[in-house]
Structures are given as C-alpha cells and as structure tokens.
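Chain nomenclature is as follows: A, B, C and D, assigned in order of appearance, with residue numbering initiated at 1 for each chain independently.
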Amino acid sequence: MKKCKLDLTLEAKPIHDECGVFGMYDFDHGDVASSIYYGLFALQHRGQESCGIAVSDTRGPKGNMLSYKGMGLVNEVFDNDRLSDLHGDIGVGHARYSTAGESIYANSQPLVLNYVKGTLALAHNGNLVNANELRARLSETGAIFQTTIDTETIAYLIARYRIHSASVEEAVSRTIDDIKGAYSIVIASPRKLIAARDPFGFKPLCIGRRDNTYVVSSESCALDTIGAEFIRDVLPGEIVTISPDAGIQSDTSHCLPEDKMGRCIFEYIYFSRPDSMIDGKSVYEARIRAGRYLAQDSPVEADLVVGVPESGNAAAMGYAMESGIPYGTAFYKNSYVGRTFIKPKQNARESSVRVKLNPIRSVVEGKRIIMIDDSIVRGTTSGQIVSMLKEAGAREVHVRISSPAFRYPCYFGIDVPARDQLIAYRRTEEDIRQLLGADSLGYLSLDRLSQMVDDLAICKGCFTGDYPVDPPEEDIRGKFDA
Amino acid sequence: MKKCKLDLTLEAKPIHDECGVFGMYDFDHGDVASSIYYGLFALQHRGQESCGIAVSDTRGPKGNMLSYKGMGLVNEVFDNDRLSDLHGDIGVGHARYSTAGESIYANSQPLVLNYVKGTLALAHNGNLVNANELRARLSETGAIFQTTIDTETIAYLIARYRIHSASVEEAVSRTIDDIKGAYSIVIASPRKLIAARDPFGFKPLCIGRRDNTYVVSSESCALDTIGAEFIRDVLPGEIVTISPDAGIQSDTSHCLPEDKMGRCIFEYIYFSRPDSMIDGKSVYEARIRAGRYLAQDSPVEADLVVGVPESGNAAAMGYAMESGIPYGTAFYKNSYVGRTFIKPKQNARESSVRVKLNPIRSVVEGKRIIMIDDSIVRGTTSGQIVSMLKEAGAREVHVRISSPAFRYPCYFGIDVPARDQLIAYRRTEEDIRQLLGADSLGYLSLDRLSQMVDDLAICKGCFTGDYPVDPPEEDIRGKFDA
Amino acid sequence: MKKCKLDLTLEAKPIHDECGVFGMYDFDHGDVASSIYYGLFALQHRGQESCGIAVSDTRGPKGNMLSYKGMGLVNEVFDNDRLSDLHGDIGVGHARYSTAGESIYANSQPLVLNYVKGTLALAHNGNLVNANELRARLSETGAIFQTTIDTETIAYLIARYRIHSASVEEAVSRTIDDIKGAYSIVIASPRKLIAARDPFGFKPLCIGRRDNTYVVSSESCALDTIGAEFIRDVLPGEIVTISPDAGIQSDTSHCLPEDKMGRCIFEYIYFSRPDSMIDGKSVYEARIRAGRYLAQDSPVEADLVVGVPESGNAAAMGYAMESGIPYGTAFYKNSYVGRTFIKPKQNARESSVRVKLNPIRSVVEGKRIIMIDDSIVRGTTSGQIVSMLKEAGAREVHVRISSPAFRYPCYFGIDVPARDQLIAYRRTEEDIRQLLGADSLGYLSLDRLSQMVDDLAICKGCFTGDYPVDPPEEDIRGKFDA
Amino acid sequence: MKKCKLDLTLEAKPIHDECGVFGMYDFDHGDVASSIYYGLFALQHRGQESCGIAVSDTRGPKGNMLSYKGMGLVNEVFDNDRLSDLHGDIGVGHARYSTAGESIYANSQPLVLNYVKGTLALAHNGNLVNANELRARLSETGAIFQTTIDTETIAYLIARYRIHSASVEEAVSRTIDDIKGAYSIVIASPRKLIAARDPFGFKPLCIGRRDNTYVVSSESCALDTIGAEFIRDVLPGEIVTISPDAGIQSDTSHCLPEDKMGRCIFEYIYFSRPDSMIDGKSVYEARIRAGRYLAQDSPVEADLVVGVPESGNAAAMGYAMESGIPYGTAFYKNSYVGRTFIKPKQNARESSVRVKLNPIRSVVEGKRIIMIDDSIVRGTTSGQIVSMLKEAGAREVHVRISSPAFRYPCYFGIDVPARDQLIAYRRTEEDIRQLLGADSLGYLSLDRLSQMVDDLAICKGCFTGDYPVDPPEEDIRGKFDA
C-alpha cells in the first residue's frame, strides 16, 4: 500500500474563509466599541490575521470617524485604553484572514475614508469576480488604490454614485448593480448603518437587537455573545438601512428567486461556528445530519467512531447516533500553537503532526475505527492521521468525509490550494483511499449535501465546477487548470 | 429555587496544577534545547505563566549553563534565535503556573545556579509542606533567598549536602530525607541528569528514550511529541541518575510500600492530558470509567449526554457508552481567549460566560440533558452553565460530576480557593443541587475514585481531609477553616 | 520682577518641522532599501513620529511596490529582516513629524498606490495652503480619502492628470499648477525617480550621486552618510526626472525669479543639521554669522558666552569669536529622554526642566553670562533656564536670540503654538525681558536675517506676517488671531 | 604614512563604567519610587543595559520588598503603572552596564533577597578583586550563586555576618573587612538605608537631602534632578547608616589616610557628568583644566580648536581659552542611534563612522585644526576621525588627548579591551601619531593628571600599571599581558 509522502504544516486545514463583519448602532447614543470587540471575538474563527474597529458619533461632525486596526487577534490588537478611546454610537468591526502575500497592515479593515458626504467605514467579507475590471475602469478616470482589497473598489463606487444619489443607500444600490461575486458588507455612514448581502447569498449576514441597539453580524453566534436577540437573516440581495428615523428599512430590488441562489455550503460544513444559525438552518444540525447520511450511505462494521478534531466531531457524533457504534475521542489536540510557534524542521525527530495532534493509544489499540473528517483538501494531514492511528494500534481505519470530493477552485472567498494540489484532482476514490492508507473511504454525495440544509439553494462549485456566477476568465485558464 | 450569584471569571476552572518538568540528555552530544521546547509545548497545559530552558555541554567546563526564561507561553518566550543560542547536550525545561502574587520573573524556572561543584539546573513540580521551616533553618546559617519557590530551598539543601557527599545523587538523597510534600524534580548537573519523585508519588514523572537520548517528563504525552519511546514511570520515592557511564541508575531507598502512597487523583480527573499514561493507567480510560460509574450509580432518563468542554467530555462519552443515551455537543467553546483578553465589565451587557461558552440552541431545545463535569469548585460557572442550558430551551438538566465533592484544601501543589468559597463546604448535595438550579445532581463516590485507577493508592485529601502527609499547622488554622 | 509661570514640557522647543524625504535609483539595479535606511537616519531630526520605505524593481511588473511603514524612529521601525525583504532598485523613504491629532499609522509615508499606470510611491515635506479646496474639488468627482495628509491630495492630482498626459512628469507639472504652498516631493514611479520643489523653495531638496546611483534628499548631510557626492540643489520650482534613458532631466517652467522666492529661514536657524548646505549656504556658517551679528549689534560686557543646547551653541560660538569673550558650556543635557519617558507630575518635587537640562554650577557661579538661544517661542523654557542660571549663582544673564521675535503663524509646515501663546505676541522687548527675568535681551534684526544667508530670498512670515503666498483665509480669522 | 585599518563600531568609546546607584529614604513615609526613577535617569550615562528599582515600606512587615527590573534604559523599563505599583518609603535603584557575556536579566540589580532578618535590596557599582576567592570560600560552606555579579557575594557575606552581629551596619562593616576592590554600595534594609564606599574611593558616592527625605547617589547631578540639596560625599571607607532614629550615622573605622586613596581619575576625565562634583572637585572644571594644561604643554599654531563630541568638548574649550585660538564645532553627532540600530555591513557603501559623526566641511576646509579627545583606547575611531577631517579639507590635524596614554588593564570596574588591543601598548607616541595620521600628537602628562583635581589622591593604574590594591593574580598572567 502506497503511503502519503506530502508535507504537513501545523495548520490542519489548508482552506480558509476570508472574514467576519460586525456592525452596531445604538440609538440611545451609548459607545459601541466595547460590544463590537466582543462581537469580533465571537467571529475570530473567520479571520485571525488582522482586525479593526471604526466608530463615529452620529451627533458629531460628519468627518469624525475614529478607528484602530492592527495585525493579529482581537485580544492582541485591542487593550482597554485603545477601546475606551473609541467613542461613538455607530461603528463597524472586522476580523480578517488573507493569503500570505496580502497579509499587510494596509489591507486590514474596516476601510475608513472621507468622501464628499463625510466619512464612511466599510467592512467586507467575500470576493468579487469582476474586481480587476472595476479597478481598471476606476483607474482610467483617476482613481488611486492604496490597498488590494475589494472593499476599496466598493468604496470608490459608492463615493462616485453618491454624487448623483439622494442617499447613501441609493449609492450602495447602484454599486450593487456593478459588482459581481460574493459580498456581505457592513457600512457605517455618518448617520446610518447599512448592511448588504450579495444576491446569491454566498456569505452569511444577520440582524439582531439589544434594547435600542441594532446589530449586524456575519454569524448569529456573535449576537449571543453580546446578549442581543436574533431578528432575522439579511436576505441574499437585500440592502438593509438602519437609522433612528426609519428603523430597519429594506431594499429587496436586487433579490433573486430562491432557486438562483448559491449559499456557500462550506459555511455549514466547516467555516461557521456550530452554534450559529444561517438562513434558518443550524450549522450543528447540518453537520450531525451529514454524519447520519454517511452512516446510512457508507456503513461499515467498527468499534468506535471518532472525529478529526474539531471540525470532524459533529459529523462523527451524527454517525455514532445513526449507527449505534460508540463515539469516542482518539486524539488530544494541543491548542497552544500561537503565531510565533516554531515549526519542527524537516529533519528533526519531533513529529510535526504529533506536536499538534496526538493519538490516545488506549482508545485506539486493537480497535476498528471510523474516522470522520469534514473534507480532504491536499490529503497530507489526513494521510498522516491515518498512519498515526495505525501506529497507535488501530486494526482498521475507515475514513468518512462529510462533504463530496473537493475538485475545483473557489472564486468567492475561500482560499484553496492550486488545483493540481487537491488530492481529488484527477484521482478516483480508490486512488485516494490508497494514498491515505485507509481501509475504506466514503464521501458524502452531492444529493445529501442539499439535504443537509433542507434543500436550500447552495453553491456546489468546488465539488462540481458549476458556479452560480461566471468566474473570471483569466483564473480558469491560468492558475487552476494546469 | 435559589440562583447562583457568585462571580464568574473567564477561567472555567478555579483550580490549577503547578508545573510541568522536562529533562534530556543526549549521550551522542547533540543539542537538546529544541526537543525540550517541544516537550514543554506538550506540557503547556500544566503551566502557562512562565517557562524556561537551561542546557549545558557535558564536555565543556563545569560552570557553563546557558538558560533563557520568560513570562508567557512556550511559543511566546522562545523564538528560533533564542533556541539556537542554547547549545548543550544536557538540559531541563519547565512550564509554570503560580498564584497571582508570585507570578514574577524571579520565580520562573529552571533555577540555574553555581555551587561548589559547578552548575546545577533544577525544575520542580509540587509543593513542600515544610518549606517555611527549612527556609528558616537555612537562613539561620546564612542563606539568602532570591525567590519564593521551593526549588530554591531544595537547591540549597543539595548544595550543602554536596560538600560532604560523594556524588550529587547522594546529596539529592540526603535532601529527600529533609523535604516533605509533593515533588517531581529534574536536575541537570554538569555530567548527570537526575530525576526524583516524592515517596507518595503525588506528581507524575516518567522516563523515555529516543536512540541514545534519555528523557524525563512530567507526562508521557511529551514523549510522543518528540518521538521518544516510553520506558517506565519513575517510582514514587525513587531517585534516577542518568549518565553515559552507568545508564539509568536507580536509588529506591526512599520508596514506601504501595499502600502508603498518595498519587494525586486530580491528575487523572483533570490536570493531565488524556493521551498520557500515569503509573500504568490511561488518563483517558480513567475518565471514561468515571463516566460509566456515574451512569451505573446515578442513572437518569434523558435524551442527550453532554460534557462541559473540554474536561467533562471524556466522562460524558463514558456515560453515553454505558447508558446508551446519545452523546452530543451542547456548547461552542471559544479558544481565542489570550492573556490580554479584556474581561467584560460587571455592568456590561456582554455575558461573561457566553464570551467563552455558548450553548447550541438547536441541540438543547426541548431536550432532557445530562451534563457532565469533572468537578465543581466554587460552583459559579456550573450554575451559569445550567442556566444557559435552560435558557436555550433544555427541559431538564441533570448534573453529574466525575469526582466526589471537593471540600478540603490541597497542600501539595493544587491552587484552590479558600475553603469557605468551595460550594461543597458545609452544604449537602441537595443544597448544592438547588444552588446550581439543576434537576438532579450526582457525584462520583469515593470508592469509585479508586476503581477508576484499578485501586492504585491515591491521595483523596481534597475530598476527605485525610492526607498522606501532615499538612503545615499554620495553614489549617489560618486560611482554610474559617 | 515678574517670573514666568507657564507650563514646561520636556520638549525644549515647541516648534517643529514636518518631514524628511529621501529617494534613490540605482541604475545598476542593486537594492536601495538599506541605503535609504541610513539616509532616513541622517534625516531623523526632521521627524520622529513615523517613517517608512517603499521600493520597487524597475525591471519587474509595474504594480509591484514593496513597502514598510511604522510609528517611531527609523531604528525602531526597521530591523534587518524587514530591510532585506525590501528588494528593489528604486525607492523613496520618509521620516515624519506631525501634530498630535494626526499622529496615526494611516498618515505615515511614503504613500504607496496603484493607479492607471502601475504604482507610485510619494514622500512629501511641506504644507499646502489650498489643500481643503483641492480635497473638496476632488471629492465632488468621487475621490475617497483614506488619510489626512497633503500627499494623498497630490497623488490624486497626479493620477488624474496622468490620464491625459504623455508622461508622469507631465502629470506632476500639471499638478504643480494646482497646488499652492510648501512642498518638496520625491516620487518613485515604475521607471523614474522624480523630485519637485515648490517655486518659493520653502523646503530644501538636493541631488547626489554614488557611482551609478542617484539620490534625492531633503538635506545634503544624508548624502555624506551614505557616501554619495553632492551634485546640486533642486531649484525652487524645478521638476527633476531621473531615469537611465535620460539621466537627470530638468523642467524649470514653474521657476520664479530669485526675488520672488521664500526659503524658510528656520531651516538655517534651527531645523536643518549644521553639516548641511542648503542652496549653496552652510547651515553652520549661517548660525555662526548670526552669533557674530548679535555680538556686533547687541554687545554686552560679560565673562562667558554659552548656548542653550544644542540649537544655541553655534551662534554662541560665533558670538564668542566676534566678542573675544570665552565660550563655555553651562548645561548638561540629558539625551536619554525617549518616547516613553514619564514626565514629572506638576506637584512633584522633581524639576521638569532639570530632568533634561542641568546647569553646571562651577561654570556659572559668580559670572556674567551671555546666553544664546536660536528663538523664543512661548518663552517658558527660556524663562526657566534664566532662573536656573541665576540659582546656580550667575551674577547676570544676558539673553541673545539668533532670530527676530516670533510673532506670526506659519502656514508652510512649521507646527507653531496658537498665536496668543507666543511670548512676543503683543509684547515689547522690554516686556519679554522682564518675563524672562533676564538682565538684557537682544534679538537678531530682520536685516541681519537676510545677511546670514548672503541675501538669498527668504520667507520672513513668522516674524513679519508677510508671506510669499497668501495663507488660507479660514486660518487667519480662526485659530491664530484671538 | 600607515593608515589605521581596525574595525570601527558605532560605539565611539570602547571603555565603559559599570553602574550608577541611587537610594532614598523618606522619613515622612511618602513613596520614593518615582524620585528614584528620575535619579536613575540622571545616572543613565553610567549604565544602559538594565535597570531596576526596589522599595519597601518601613512600617510594613519585614519581608515585603517590591521590585521591578528589566533590560534597557530607565524610560524603556518603567512605565507609569509599574512605577505606581512600587509603594514604599525606602528604596534603591540601579542602572547597569556590563560586558556582553553577562548582559542578562539575572544579573540586573538591585539584588533583592530574603535573609534571616527580613529583606535586603542591594545596588553596587564597582568590581571586587577577590570575588573568585570569596565565592569559592562561600561555596565550600554551601552557598549557591544565581548570578555572576559581585553584589551577590557581598549580600552573602552580610547575611552570614548578620547572624552574629547586633545590627545590619555591623554586618556590613565585617563584610568590608573581607572584600577588596572598588565598591560603592547602597542597601535598603527593612528599617535603614546604608551606603558604603570602598577605602580607596574608586567610585563616587554622595549624600543629599530634600526636606525629610535622605538620598544617596553615585553622582551629585542626580540630586539636582530630583531637587535635593547636596550634603557631602561619602568618605572613602565610610559606612553611612540613615534612619529616623539616628539620622545620618557614620562609621569611619575603615577609612585610610588621604595619601593611600585611589579615586578613579576616569570619573573626572570621561565617566561622570560634567555637572557633577566628586570629592569637592567639579568634573567640568577638571576637564577645562586638562585642556588648559595641554595648551601650555603641547602648544601648536592653528586656526580652530574642536572637541570630539561629546567627551572632548570641555577640554577643547579649555584649550581654546588658554591658547586664544577660537573654539568651534567640527562634527555633527547623530544622537538617534538606539539599541536596535542596524550597523552598516563591512562591504556597504555607507560609512560606519559617518552614520554617527559627520564633519562640517565649511568649518574644516582649509583650516589647521586642533582636535581634542579625552582618551585613545584602540585608536580606530580616532584614526578615522582624523581622516574624515583631512577629507573634509583640513590642512593640518593636531591631536591632543586630555589624559595620558592608556596602557594597562583596569581591575576596578572599567571594561577595557585586552591589552594588546590598546593602541599605546608597546608603541611610542610617534608610532601612535603615524597610526592616527595626525600632524602632531600630545598626551596629558601624569603630573598634570593630579593637578586636574588639586592633587587629590587618585588611581593612575591604567596609565602606569601601579594600582592602589593588588590585582588578582590570574588576570595579570592571563588575559592582559600577551
């Protein structure tokens, strides 16, 4: 049996989401920065590279946005002094992940700017597919770009449309006519909090309330953290404008029929917190269901069901519930790996994977194990985990994956390796099983994927290559299809 | 029903162990600092306040110990430059927890010193009960103390006994005649690595090997991390001397009969990593068993068994296995709380406990829940977690604790609140149940405690007030018995 | 005699320049970042709040500018790793001073941006008087501003004019038609290094060369530091374009006749380094001359001439040379005050001024002292220094100032206190003398000011209120004329 | 003419003093930490590697010393929070310089310890010549050493003698019987502030007072800074005990006759601040005198006298006064070099010396220059400065040194290069002149050295090899006499 020989990093999962956004408006004019801090803390799993908060006082002059941004986790960037300097009753926050090359201060969010009508602060989660085109168009009429984030492009469009629009929300609406792709945006204007979600609903966004304070958040879990009540999801394509004058105003003119939508299924499979609800579906329940489906569709005799922590655990519980095979923990995961952790050298005797994940021999020894993970990307980590289980004495290791085989690039905000590095690229399931060294392998089927979320319309592009929106041409020919 | 009103901190568990120790000796003279780093990383859960590594070259001059220590986690204190400066084939490392007042640089370990025979580096886990007495005695003959840690007292005794001893291990042996309490010590002398464990075996300590390199570690999990093979535990009371001349030499003259020993049962219940083996028993299995015993002794009809993460999860799985009731996850635990995290203010709207732990409503709603935790100390967190479950819609919450009621102080290295702050202090189980707001409450019985570890001799002092060694008099009258 | 009661900060001089700029282009394609670092180090006295370096490779793609910026001194912001990451043969650097409110990361320079023709990096020293007007005009056509620095306004204009210009230098030329005020700019475009100085020559700017590398610098001293040879000053109003194709190209279409120019005389009096030459005049010699003129115009019998360190020393030497009275040092100046220095509290017993400046009693005792300073702004420090000398036993203290009385605001880049805080505002020389507690007081006359620099055309606005360019209207009515 | 080829570092002077000490006792029980901070700030020139403050409350329990120490400058180590935590009415502070190998946290001072009578905090400036002997003796009776500083040895002796002494000052007195070498010590005991100076008076130490607060300081300048009045110097050999009961008590039993003393003349020549008085002599005046003597003994026709900044300036002024040749500034010295400054690489085009020191061409050109420096150690910097002056156009450069030729090691606290690296080692004055490339060279004579300080008894060991105390044998044979 061929063994997996690929590199392994300490990062268990080589796919990443891009951001968490959070906005607040206290109609009673209390400071919102501190609650935004806790909101971002609850969204930290969506981005750990940089974060920022921008606030302004809706009763003050229109050009007075205060902000602080920095590289690192929310609890590293902000301290009490910095938070308490940020006086203001309206504000937005952002936690950011990015690919290595762009992980620089200039790209941190929110983007704060002065424009013809005062200040704006924007926070954005997603990825535009026509960004290059829009940048080129704007450049040709004199725009200068100080960052490489789509947020700046969106800001420019809003600023330009604002000149001949009656309101900032109208400018946002005209901007939405231009931009294509995935975006959940929160904007603090001098007097309004605005939230918009792309018509396909790629990224989640929801609205909450705490007394007289309105909240917009990437995920509902952040509402719980700050003690706010969930009101509803922002609809795909909806522009929500929150102000004391009009409360919550909704513009649904960009909304599509449900069957055209394309929610990112990976939000349910992996990105979002299990305690979040997205578009009415529980993330945790979706994962439990995926496990149950696997037990129905790929059953196998075994002694124990285990999850690859943390992301495989819920599906493993679902599998255990459905199959009646006991659920157990096969690994200890060391959670102290920080940004400055020194990776073991290639030739060192320390096992790279064991630094982070160590099998519990007494659990594994002599057992037939069903090992559940949410996805296989490069397959290197999965292969190493299978061997660790075998070395720890597992008699059999049956791998079950709570999503279909990952075969295509994502253009809408998931950072994925080049296509030829995907283990499922031009390989059969049997090839993959051998590469992993597993005794059997089962993926979730495409049909089950939709069932996980009660047939909500989802984007399955990374499994099928069919996307709700056309991807940019250059990328298809260039980077991905070697 | 009376509700719990006490303070809640972000620290889920108000009891703490004191340290992890790690030692290495490469007979082939390779540098050991890098492997000690990974060893400490695997022991990080035993102490997060400060850490340090000291190494020396056994072929160099006897006074040449290199060391680096700092406040914070292993990955914060060390970087590549610092590690690669630490050349030496013998060394010890330490990860430290301490109570607030003593959390200062001067108290970080290993303690490195020059004495009549060159250098020594000492790392210590535990607590002496006669430290004040020994310090007074040493002071009266001119000793000066630059720290407040027991390690310095031990070092002084070794230095003084070394004058008239034939070897450093003989000086260690005579020191052991003097010191009382809990101690697992690792010492690097100019040419020998020495490990000693107190006669009661309070704290774990084991020996491993990687090719020609010998390793001593608080827990076996750290051997896995660095790719070393487990050899055996250091016996309670044993002094092990490791050197190229004599290999592993054992002095068992201080060993007691098995029935006199007093291993800290909290190492199995809570402190140690589940993937460690201590004195032949798997920590994970002990926890699973505790859950099974609870299912047998305190059964209750319910829909789901959940653990309070992370420490209650294994016992919850054991309960699920035994009872046949499904195991699930009721909470999301936010793991991004760092040292600089800003705690919500008392009057803030952010829920202190929800910042760290958020119930998954879809799991909990309408269900009868068995909630397993490893212990209840003050009871504040447990009470809040019960209410969170109820607020999230749980129909019933049945609390089961995988240890007996915690009623007495610990003098051997566990940092516990003052006795009158313990929820079980002068309260019946029914009082406690009411205070928690639970529908039923069950503790593990004292008999089951011993069964968990196949009747190994253990210390049950914190449950019974009977200790293997007499505690210091002043403490009993003073701090604890209000 | 009335004593001076005003506040004293540790900052000896309450006026500040705004920046140092530095640019390099190595036609042999070596990396320039390291030399820019030393260049900025030599210009550090011009700005200590933030600094940055941007470089690009003229042979690489046009959108590939690498930059690093940070708050603090050059030696705090850059380390070896950061410098060596900055590969590129063309680049600009900047050291920045700013008033408190704007001392934020977003305002640090160089400004790096993408525009229709690739990337630009701009570094700017000076102050535009029509910035608000230009920003408003740009905003009305959709511009967004992410900083509050004039550099961004200049960048926008260049980007817009570039659309219909044949070259970047043509766009710079058209930009110069629009902007009014003080500016010395260095710009790195994908293939050219461009330097421009405003037509009045407010701020210095010069060109140097080291082998095949061209250098542009605020002051000539930075050329010495990096081993470059001084070529010439950039002319007031000149645009210099440096490229391998055309060498140094000069556009003098904006140049004014010499008598219209308005070099900032404070560059000679105080801001620039004494080892710099500006427009053919030695800064050190100008200061020596000022001292000589004072000796001629305001002679007094005395035992010793001393300077208020460091800025008064050269003029004091000039006074000593001319008068024959010996030159000495009356003060020790503590140079260890860093950014984090804790200022003595108002009610503390520590003398705020003595923390930084302590008189040498043995020098002063019983002597008649001529104390030379370059300027008096608020007068608080000067008054305290006079009293210190008296307390240390000086029989007489005769104050001589090597510039005229400072009475008006500066609109061209010097940060000055509000007008009613200037000691010379609405006070006679005799009033000021009394306020300082001096035995006599002498200022340099306006005529002598021009003689200092051989009658070069200079701006005397802060002494006379007559400026070479009209200041912005709102400022005159608002802030300064209480 | 042979040119100097040796390395040059940014550190202008390769000799260093070792420390500044400062102690305070407020009989009115106010906190002293803040004033100690300013005191250390005034002594920062004596040591920049680490610093610390220890305080205790004389009305509190005897074991309650609070301290904070750190690597770096006073203003880097302390912030407001740290200072305000240090409550106590008695305390000592220390600023430390050390040779590279020992620049570690463990060696920072004050040394704080518990001993039989409570706590002690010690701060020490100097070097013992019998430290190894004393350490060996103490080790043989069981002492352990956690640092490599003499302060620990002194502390041990005090602790041991205290057992059979009636008071701590008696223990200090018996300690002084044992230790040989240079030491100025300040000690805070639970109820007394003690200061002691070695019988030769190598290092300065003086006493001051501010209202009811007593102060002990290495130099008098620190008294000025905190607004205290100078009372007197501590006598060489004197032990001063300060307490509310007895005020200032003096024990002069170890004092020697004046002609046996050996004050370090380099305190006057270079180390101390010019605004300090040591043993009744002004440091500044001594330097002025040295310059005057040089003018008398080594006259030469020239146009300008300049000092090598900062240490040569005062002697240059003295030379100018005596000779009538004008005094000027020939160099700009960049004061922004911090700890993290990146030194130019050997092969870089940046001139290492010009980064720090740049000649002012307009001053130097065409002139005959007398260049005064306080000493020549390796001669590398001096040689480069001479060439810089010549390159800047000086017609002649006449070097005058305000001390005799430095030829022997110092055993009393000055860190000097190995003897064969001293330029004067086995070289004639003419050899040295050629090596420097100077047109003439003159040293101060040994006789003039004593005259500088009105024939106070001084140590001339580094010039003559004759020391007031015998140096340790091993050093003489080992390191220095190659």
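As a convention for this text, contacts are C-beta pairs under 8 Å (C-beta built on N, C-alpha and C of every residue); 3 or more make two chains touch, one makes a residue touch a chain.
Molecules present, by chain and UniProt name: A, B, C, D = Amidophosphoribosyltransferase.
Worth saying up front: this structure is predicted, and the values here are computed from it rather than measured.
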{"item": "Centroid comparison with subunit B (C-alpha atoms), farthest chain", "value": "C"}
{"item": "Cα-centroid distance, subunit C relative to subunit D, in whole angstrom", "value": "36"}
{"item": "Whole-Å gap separating subunit B and subunit D, where each centre is the average of the chain's CA atoms", "value": "48"}
{"item": "Whole-Å gap between the CA centroids of subunit A and subunit D", "value": "60"}
{"item": "Residue list for subunit C, restricted to those that touch at least two other chains", "value": "none"}
{"item": "Chain contact topology (line, ring, star, complete or other)", "value": "ring"}
{"item": "All touching chain pairs, where touch follows the definition stated at the start", "value": "A-B, A-C, B-D, C-D"}
{"item": "Touch list for subunit B against partner subunit A, complex", "value": "34-35, 37-38, 41-42, 44-45, 48, 73-76, 78-80, 83, 210, 221, 224-227, 273-275, 277, 282, 284-285, 288, 313-314, 317, 320-321, 326-329, 331-332, 334-338, 340-342, 344, 348-351, 354-355, 358-363"}
{"item": "Residue numbers on subunit B that touch subunit D, as the complex places them", "value": "69, 105-106, 111-116, 120, 135, 139-146, 148, 152, 155-156, 159-160, 163"}
